[in-house]
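As structure tokens, here come the structures.
Note that chain A is present in both complexes that follow, paired respectively with chain B and with chain C.
And then the complex of A and B:
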């Protein structure tokens, strides 16, 4: 099933034109060579609770894969937005910082989070899921896990 | 043998230290200190605001006039009033010990507190939005956050609650909204005056059992003591109080209502649009109380207020359509209220 150009897996839209970090539910969409846009997939958003606030590090900040590029607040829980890649922050999505619901409504489009200049694309991108079949299998398995654990509705 | 649950009772602490002590534990647990349950009671009243919230939500003139310092914490939630009538607890674990799904992690961290309340005779439940409640009244305020690689949840046993001051410290320009907020706080936020020593003991047992840890008394590590000194400085600085950088709303963005959340689904707002002023309280999507002020309503303000009472918020514009041009302006003011921003 497809919705607005995205596959729909067990009720959740899934974009197959980008890479995914399985531990953080962050997606990485390569734009120009050496540059990428980063966002959070709908499953990562759903399992956070009602998204209330987003804040980002300033443009120009050096990012390290596995470390925060901002904070997300949901259900009074402030937690890190963890970067799946290393690089320099080129832009942050002010519209999402003003209205976090934008990221809920359009996680793959207008609700993107930051743009980065990649510092180790060759070393880090292969660790992300890129094959559409693998992405779909992983996403479906995570939905099943979360439903079994009662984290998301059946 | 079970891993330890370090238990630290800080007793009474200054307003600043009642925040920085447990934030320091976050850094300590992140650096390898054991999971920790701590307790503290503020020696003097103060105001504390959640990590992301705008500093303008606090009535600074009132706080200054009443000697109430204001600090920003690293966990979530809104501005709150704290005093010696509240015993605060904090549980801090390595992030890897908790489920990655934050909603689930919060449940894991809150459920032992519910157990502890029940052990001391308070029939608490974990209700909507993961609030600890008795019936429809919230009895425990909580917030959570990740500090480096540790997750901390803090909450309180409210032995006595000064509803008047708790609402007074919030910036509200509209006196009707202030009255409505106080009324909702009295109705939906309750103290549970149980023996704090028994509560503390039941908390220690409940968390140790739920987490599979062995409770042992402990104290701060050297790393944590250093972190306290650094945090004392950071939390007292004007820059930290201002909060993280937030972009200004886009040019041309419409006015926003001043909204105050009392508990999940219970809130007030005040808004003005084209000279029409609205102050209303909303309980689970329904307008409970409303005060309208504007010229041109020719004495039918009371009628409009009556017509709106008990109406779902989403149907307000439909009801106000029967009140001519003033009704249109009131509807525009109502439209600036957004439960999604609470």
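And then the complex of A and C:
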């Protein structure tokens, strides 16, 4: 799963060009002014169980931070994809909805989930991890935690 | 976690009613509701009910004609996982709470599974959470597990604990690969599943099993369990859900983007021909079974089957599972040839058409509204 341009932390790729919501393992990559692409980092994918299917709300749906923008089905889990930001859904990744393995193979690239027009960037983005050192420290600590708990492979 | 949880106990529930009450219990744990302790429901279904996982194709997993013939009710769970038969011999476990903030699904499943394992330990059964999918004893599944979190952050953990199991009946109503083995079908199942009865050598005692599982949760979480009842709001919501969801054709007919499919491949071994059966969902292996002329199913084969479940059908992933299982030594065949046969079975599944004929099956057995 290693990808060019990404750091690899204890076996998991980590992209440092974006922000992270630590509770949900969602990443937010600012694109056009006021717009962002959202995806799930590989730790979030791995700790959901083997990913089987993804589904998304329709384009145009108003999102609220902390509320679902879709649903994830894994081997033993069905649950919401939780948005780290508020806004309007501009696009969903139909390719990932058809083939969830795309998100497993390329979580930071072709496996993105939705694109959003942000409605409260100034209020919500500061709550996300953005500093590369802080991101790396958090990511490494979560890997260690999950391995200690036995929820990801050693 | 400490304090007192609500314990609900009921028996002989119908397929739709049982699932509807589980979902109705989630209401008090939705975001915005006042905090309240978790609910643990330990219950059994009427004999018998066939319950499929959230996104399974009902007609592909369940022989609907056999269900009509045997009076078996069918419905679909909120949780994922495979098709199961429930009845007086199986204990249903529903744990309902608000989803803990910041905890990942695998963490939650692992913790709750440990409570069930602790309960089984009280009966002298050493169950482990192998493969992150099911509770097993010596490589044989003894409980299936599933977790659902709704959009309002309420959480339902489901488990089915096999107190006892009528394997012949299960083969009659579920479409599982072992059923293709004719005279060896029952043996193939019992080589891969076990029950509390089989492990303890005692007749199934539903109350003893229920008490043990309750004890496992109490000890694991340091809580007391206070017998309670569903309140009027929950019962009314359960009625609505039973009629509007769990008995409805639209819910029973849910299909997923990727269809389940099955395929098989032959593997030549020094002892004769073996056949590898796979059930797949897109590029995922949902189940694997190796059939051959074994006097006794080698543990390495059971390990390989368990390892293949929920793996992606990629060369590297399959090769790693096969190599790590010891199946090559057990079968006397190079690991590369075994992996190649697994991938061929997967390719055959990918080429297969619609999983099972559905047109002639007719409507499933659904309970009449009360």
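Definition applied: the second predicted complex is superposed on the first by the 150 of 154 C-alpha atoms of A that agree within 3 Å, B and C clash if a C-alpha of one lies under 4 Å from a C-alpha of the other, contacts with A are read in each partner's own complex, and residues count from 1 in each chain.
The working rule: a residue touches a chain if its C-beta (ideal position, glycine included) is under 8 Å from a C-beta of that chain, and two chains touch if they have at least 3 such contacts.
Note that this is a predicted model, so its numbers are computed, not measured.
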Touched partner set for A:94, first chain B, second chain C, both or neither: first
Touched partner set for A:125, first chain B, second chain C, both or neither: neither
Partner chain(s) touched by A:30 [first = chain B, second = chain C, both, neither]: neither
Partner chain(s) touched by A:151 [first = chain B, second = chain C, both, neither]: both
First (chain B), second (chain C), both or neither touched by A:7: neither
First (chain B), second (chain C), both or neither touched by A:52: both
Contacts of A:76 with chain B and chain C, given as first, second, both or neither: both
Chain B and chain C footprints on chain A, overlapping residues: 23, 47-50, 52-53, 55, 73-80, 97-98, 101, 146, 149-151
Touch list for chain B against partner chain A, complex: 50-52, 74-77, 99-106, 129-130, 142-146, 151, 244-247, 249-250, 340, 342
Complex interface listing, chain A residues touching chain C: 22-23, 25, 44, 47-50, 52-53, 55, 67-68, 73-80, 97-101, 104, 146, 149-152
Touch list for chain A against partner chain B, complex: 23, 47-50, 52-53, 55, 58, 71, 73-80, 94-95, 97-98, 101, 146, 149-151
Chain A-facing residues of chain C, complex: 54-55, 78-81, 99, 101-102, 104-107, 109-110, 132-133, 145-151, 256-258, 281-284, 309-312
